[in-house]
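Chain nomenclature is as follows: A, B, C, D, E, F, G and H, assigned in order of appearance, with residue numbering initiated at 1 for each chain independently.
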C-alpha cells in the first residue's frame, strides 16, 4: 500500500464513497501489511518460480505429504530437503507426480520458468561430497537457473581440475563443496573472477570435527571472492547462488 | 593462447616464417601462460580498475611505501588495509597524493572507472562495527561500485532498521556487519530478496570469543540467502560483493 | 527456631518443666534444623503448589511410577520431565489420573492453586523449538501462573512477530526459546521492558554445535534485560519465570 | 496511534478540516511510528528514571563527555560503565557534578526516584569479583532499587555465607557474582526461593578460560531458579534484576 | 642387584667359582632387571592384595573370562571394570565364584587382606553419579581399605551434606563424585582438612559437555586440597585414594 | 560445642547460675559456630604451622604488606604467591625479616614445626617448569614437610630420570610438573607405587594452548595413581601433597 | 613433453611429416599433460607396486567389489581400508583370492615387489591401539617394505619398551601409535635417531576427546624428530613411512 | 658396552689385571650407560655435526651466551632459535664469530660436515610465513643437508607453484609452511611422491585461531604422504626432514 493508495482511500473518505469504519479497518492493519513488504515480495518471488522449501528431517512422511499437497494446491513449486528413500517412497504413494532425487535426498515438483542468465557451476572435491553438492544443484535448478557440475576434482590431484578450465571460467557463480581439509575453494577462488560460495561438508574423520576443519579452511582462505555457508548446507548455497545469478 | 593461435604459429613454422627456436621458446612456456589464465584474467581485472590489495598489518611504513610506488608506476589503483594513523602519516610524506581513511584504516589511490550497476549497501549493527563496515565500503568503492551505508541499526532497536526500508529494498547486494550476537544478517535476510554477505566482527567481550559468537550466529541463520566471510574481514566482503555486483 | 523459641525452652528448663535430656536432644539438632531453613521454606513452597520435579530421562517407568505414587500420597503436585510416549503409557497403567503432554514429553498431576499475577508468555522461534517451549509452559502452568504462548515467530520473517505485539507487551515475564542462530531473544528484548529468559535449543546442524551457537548468541545479546538458562532447559526457564512472576 | 486516533484523523479529512496531503504524510509514517512502540515505551522508561547506559571502553574521554552532556541536557540519569580512573578524572574536569565509582569503574549522575519495592542483593564469591558485583550494584541503584550486598562469601568457607542467612532470605532478587569454579549461585539457589541472576567473572587462571569454567558451572547448576548473563556483565545483571524487581 | 651383589659375583669369577659365560649372561640383563624395579615392586604390590585391573569395555566376555582365569590361577585378586550385566552373566557361567556389582558394573574376586588404616569416604552429588562413585568404592575396597559412602548430597540442598558432618570429618581421604556443575568438591574441600580426590561425571546435558563443565569447576576450585581425575574415572580415584591411605 | 557443653550450660540455667539472656545469646550463634567446625579446624591447622596463603597477583605491594603484618601479629606463618621481584623489594622495606624466593616468586615468613613424616619429591620435566615446581616446593616446605626435588628430567631424555631411581622410590608423595606434552607423570606413575600429583604448566607454544595439551595428557594417563591440579597451580599441588603426607 | 619433444614435433610440422591439425591437437592438451606430471609419476609409482587405496567406509560391498575388479584387471595391487568382517565376506564371494585382515579391517591383493631397504617398525602403546597399528603395518607391507612391530609397550610400564631396544634401534623409520595421553612417541623419539611418525588413536574416554588429547601430546612433544598424522590414520602413517623408507 | 666388552672385563678380573673395585665401579653404572644408548647415540650424532639446539625465548642474552660458550668449548655446532635482534646483538658482543640470521631469528656457529644426500626443499605459502620457513631451512642447513627454497607460492595463485615444478620434483624431502587456510601441503602432496612435512603457522586472523585452521587443514589433507609438526615449529620440521634425508 503505497502513498498513492492511501491518497485514493482518503479521497474516497472525503467524498463519502468509503465509510469511515471501513477505512479505519483498512488502515489499522497498514503497519503490518507494510512491514510485510518482505513477505509480499517473498510471495511474489514464489510466484516467479521460487520454491517454498521444506526441511524434511524430523518430519514424518505424512506431515511432509500434507505440506506438499497444500503447496501444490497453490501451484507453488516444491522442494523438500533431507528426505531418505523410505520416506520418499511413502510420500510418492500419495503424490505420484513428485520426483525423488536419491543422491541429494530431495523431492521436487512444480513448473519452474527458466531464466536466460548465466550458469551456476557446482564443484565437489570428493565423491563423498556429492550428496551436498547435489542438494545445491537441485536447489539452483528449481529456482530457475542453468546449472552445471564438476565432481571429484579435489586438490590432491589438481590436474583433474585444470582439465576443466572451460567450465570453471564460463560460470557466473560457483558453488564449491569440500570436506576434509576444504582447500578446493581457495584454489578455485584463485583461478576465477566470479563469486564463489564455499560449502564445507562433514566428510572426514578424526580432527575433521564433522566439517569444522573444512569450514575454518574456507573462512581463512588466502583467495579473494569467497563466502561460506554452514556445514553440509547445500540448499543454502544453491539459494544464495540463485540470488546472485539474478542480481 | 587458444587453438587458433597455435595453428597460426604452426603455419608460420611450416612456411618458414617463424624459426623453430622461436616457436619452441613460445610453446615452452605455454602451459604456464595457459594455466596462468586466471592470472591474465586477474591482470585484466586490475587494468579495469581493480586494486592490488596490500595487507598493511605487520609491514613497516617503508615497506608499504615501496610497494605502493611500484603499483603507482603501473597506474594501478591502490588499496592498503590495516594501516594505523601513524604509519599512514609516514607514508603520506613520501606519497602525498594518497588518501587515508581513518575510520577504515585504509589508504587508497588511483583512478577507478565507475560502473552503472546496482548499489552495494553496507549495514552495521553497532557503532563499534563501523571500522569493519568502512573497510568493506572502501573496498567496494575502489572496485568501481555505487555504494551506500546504514550504520547503527542493530536488532536491539529494530525500528531504526525499519525506518530505512527503502535503502534495504533498493540495494543489489548487502553487506551486513555485526559483532556481539550477530543477529542482524538474519533479520535483514528475512526482509530482502538479494544476496547478503555477513561479516562477523570481534566486537564484544566474554563469551563473544572475539567474534566467534557472531560468526556462529551467521552460519546458523534461519534466513536464506546469506553467506559469511571471516571475522573482521571487511575487505573480503567488499571484494565478493563487487564480484556479485558484476555478475 | 528463633531466639524467642530458645528463650521459652530455656525457661522450661529453668522451671523444671523441660527435662535437661529432652532440651539437649532438642538443641543438639538445632544447627541443622536451622541450616535447614531453605529446606523448610522449600517444603512450604511445595505446599503452596510448587511441584517436586522428576527428571524422567534415565529412569525406568517403574522407578518413575514409584516416585510419583509417593508424592501423590502427600498430595504434592507432580511434574515429570523427559518422558517418552512409551514410558508414559506404562506409567498411566498404574496411575490413570496422571496427564501426559506429548509435545513437552511431561507428565503432570495434582491440584495447583492459581495466582492472580501477570502472564508468563512463552515464545518460540521455530516449530522444532516447540517441545522445549512446551516444557517451559507446562512448568509455569503447574507452578500456578497464567501462561500464554506465541510459536514460530523467528527473525527470518519478523512481521509474524510484530503482528502479535499486544501479546508481547502485555506479558509480565517472557520466555524466549530459539535454536539455530538464537537471535529472537535479542529482538524481543529490544521491544519489551520486562525480563526475558532466553532458552537456547539444540535444534540446527553443523556449526550449531547442539545449541552452542544459540547459547552464545543469547549471552552476547546487545539488548538489555535478558538472562539465559542451559540448552534445552525448558523446565529451568519455566521455574525461574515463575519465581520472577511471584516477586 | 490507536484506532481512535485514526478515526479522528479520517473524520477531519471527511469534514475538510485536515488537507489530504497532511493526512497522507501523517499516515505514511504510521507503520514505523507504530512499530516504534517499543521505542516510545523505552523512552517512557527513561523519563521514569532509567539510565541511558554508555559503554565507556573504547571511547575517548572527550567522546564520553559529549554524550553525557547531551543526556544531562534532557535531564536523563546517566550511567557510564568501564571507565578507568584516568578517563574519569578527565571527564570530571568538564562535568564536575558527575560521580565516579572507582570499584565498579562507573560514572553516574542525575536524579533517580526511589521505588518502594523489595531489595536486590548482590553477592560475590571473592574479593576479586567485587568490581563486577559493584557494576551490578550501581546499575540497580541508578534504576531506583533498594540494594544491599554480601561480599567474599565463596563456597570454600561456606560458614561465612550461612552467617548472613537473614540477608539472603529477605532479598527479592539476588545477583550472585563468582569467578573460578562459579559454584556460589548453585549453593545460594538451593537456599532461597527467589530468582537468582548468576554472573560469571573472568577471575582465575589456567583452565578458568577467562570465565568459561564459571559460566559452564552456572549453566549446569543442579539448583532451580537460576539464569545467567555474560561473563563480567555486571551491568546486564543489574538491569534484568531491576526489571524483575518491577514485575 | 646392588653393588655388593656385583662384587660377590666378580669375586666368584676371580676365584673361578663362577664361569665367565654365566657371569656374562647374568650381567647382560642387568640393565633391564634393574630398570625393572618398578615392575618388581608392582608385582609385590599385587601379592599384597592389589588387583590387576581389567578394562572390560571393548572386550568380549570370552576374552575377559580368559584373562580372569589366568589371574585366578596365580591367586591374584581380580577387578574388572565397565562390564554390563549381559557380559557379566556370560562370564559367571564359566567362573561362578566371581561377584558382579551391577551399580558399578564391576566384577571382583579373590582374597584381599584388610589394612587397619583410615577410612576412604566416597561422596556423590546426585543419584545419577552413583555408578561412578561405586566404581571408586569397589576399587578402594578390593585394595584393602575401609570404605564408607555418602550419596545424593549435592550443593542444591546443602543441609543434607551438613547433617553428615561426622562422616566427613572422620575420613582419611575423600573421593567426591559430581556431574552437572561439579561444585560439591569445592564445598567439601572447604570443610575438611584431608585430601579430596574429585571425579567429574558425564551426567548432565547441553553445556555440561559430557562432564567438561564439572571438570573445569573442579580444576578451578577456590578450595585447597583438591586434585582431579578424568571424567567418570571412578577406578582412578579409588586407586590413588588407596595409595594415599597407605602413605 | 558438643552435647556435653550444652548440657552444662542448661544445668547452669536450671541452677540459676547462667542468666537466660546470656544462654540465649550463647545458643543463638550455635548453628554457625558448629557449622564453623571446618573453620575452627582450619584455624587449628594454622596454629600447627599451616600458612594463611595470600595470592599476590593483582594486589599492590602495600595491600600485601598490610595483610602480612596482620598475620605476623598473630604469629602465623606466611606464604605469599605470585609476587614479582619489584613488589617483593617494596614489601621487604616494611618487613625486612620476610624471605623472597625469586624462582617461585613467593614470600615466606614465620616458624614452622617440622614433622617426621615421609618426603615430598618435586619433579620437573624442563627447566622452564621450575618456577611452578618451586612454588610447590616452597608450599610443601612451609607446611612442615621434608622435601626434595629432581629437575629437568623430561621424557625426551629418559635416562636422566632413571639415574635418580633412588629418589623416586624413596618419596612418600610425588609432585610432577610438566608443560608441553605433559608425559612425565605417566612415566613416573608407572615406576612408583606412591600417589603422584601432576601439575600441567603453561610452558610451550602453538597447540600447547597454554597448558591444555599437558593437562589433557595428565587426565588421560594410562598409569594409575595420578591426580591433577589446575595449570601452573604449584601451590595447590604442594598443599594437597602436604595433606596426603599427613594422612 | 620436454622442449626437445616440442622441437621434434615442430620439425615434423615444418617438413610436412606432421599435419597441422594433428600438431594442434597434440599441443592443445600440452598444458594438462605437463601439469599432469604428478599424475604420470603417480601412475608410475602404482606400477612399481603402490596400491590404489580404497576407503571402504560408507561404500557398499558391491561398490567396493566393482572398484577392486577394475583395479585387478590392470594388475594393480589393491588396498581397501575400513572394511568390516561382514562386508569383507560379501566381497570375498566375488573375489575369492583377496585377503582380509580382520585386525586392521583391510583387504589386500596383488603382487608387490619387495625392496631391500631398511625396516619400518610399528609400535603401539596399548592393545586397543592395535587395529590402527595394523592398518599402518599392512599399508607399509603392500608398499613393498620390510616391516616389524612391537605392541603393548605403553609408558605406564616402560621397562617393556626397554627390553626391546634392539628392535627400536635397528629400524629405519618408526610408526608409533598411541591413544589416551599419547606419550609414547615422545619417549621413543628421545631414544632413537630415526624419523618417528606418530599416530594418535581415538582410544580413551572423557577428556581424551576421541584422540585430541593424544594428538596434542604428540604435536607438543619435547623430543625432536617426530611428525604427526590425523587421528586413527594408520594408512596415512604407513604411506608416508614408505615414502621415507624410499628416500 | 656390549657382551664382548663385559667378557673382557670379567677376564681381566679373573686374571687379576682388573682390581675388583674398579670393575664394580665400571659395572655399577652399566644400566644407565646402557639405557643411555640413546644418549650416546645422540652424542655421536652431535659429533657428526648435529647441533645442540637452544630455545632462546624466555632466556636472557647472558644465559644464552653462557650456554653457547660451553658448547663451543666442546667444538659442537650451535643453533639458537627464537632470538630477537636486540638479544643477538648483545650475544655477538661476547661471541663475535657467531652468525645471526634475522629472518629466522636464529644464531648459528660451528663446523658442519656436508653430506651428499638429496635436497630438502622448503616451500612457503605467503611472505609472512617466511620466518618459520627460514627456521626450518637454517636447521636443515646446520644439520648438514643440501637445501633449497621456494617462497610465496600459495594456492590462491597456483600458477606460481607450477612454474617451479622442477624444484618440487627434484627434492628428496619437502617442508611446506603455510598459515591461513593451510592448503598448500595438500596441493604439493598431490604433485610429488616424496615425504612432505607440513608446518602450520600462526599467520592469519579471526578464525585462523593462531594457526589452528591451518593445522586442521593439514591433518585432514586428502593427499597422501604428509605428516605435520606443531604450529610455527620450523625447527621441528627441519630436524625430522634431516633425519628423513639420512635414512
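Just so we're on the same page, contacts are C-beta pairs under 8 Å (C-beta built on N, C-alpha and C of every residue); 3 or more make two chains touch, one makes a residue touch a chain.
All of these numbers come straight from a predicted model, not from anything done at the bench.
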Give the chains in contact with both chain C and chain H, ordered by label.
A, B, E, F
Selected pair, greater C-beta contact count between E-G and G-H
G-H
Quick check for the class: compute each chain's Cα centroid; which one is farthest from the centroid of chain D?
G
Interface check for copies chain C and chain F. Shared numbers divided by all numbers used: above half gives same, below half gives different; which is it?
same
Length of the line joining the C-alpha centres of chain F and chain H, rounded to whole Å:
40
Rounded to the nearest whole Å, what is the centre-to-centre distance of chain A and chain H, using the mean of the C-alpha atoms as each centre?
50
In whole angstrom, how far does the Cα centroid of chain B sit from the Cα centroid of chain E?
60
Contacts with two or more other chains, residues of chain E listed in rising order:
31, 35, 38, 42, 157-158, 162, 190-191, 206-208, 212, 215, 219-220, 224, 230-231
Mind giving me all the chain pairs that touch?
A-B, A-C, A-D, A-G, A-H, B-C, B-D, B-G, B-H, C-D, C-E, C-F, D-E, D-F, E-F, E-G, E-H, F-G, F-H, G-H
Given the complex with chain F, which residues does chain E contribute to the contact?
35, 37-38, 41-42, 45, 53, 118, 162, 165, 169, 172-173, 190-197, 215, 219-220, 224-231, 235-237, 239-240, 243-245, 247
Complex contact set, residues of chain C against chain B
125-126, 154-158, 180-183, 186-187, 189-191, 204, 206-209, 212-214, 216-224
Note: in the complex, chain C contacts chain E through residues 31-32, 35-36, 38-39, 42, 58, 200, 202, 210-212, 215, 230-233
Taking the touch rule as given, give the residues of chain B at its contact with chain G in the complex, in rising order.
3, 6-7, 10-11, 13-14, 16, 20, 23-24, 27-28, 30-32, 34-35
Provide the residue numbers of chain E that touch chain C in the complex, in ascending order.
128, 157-159, 162-163, 205-208
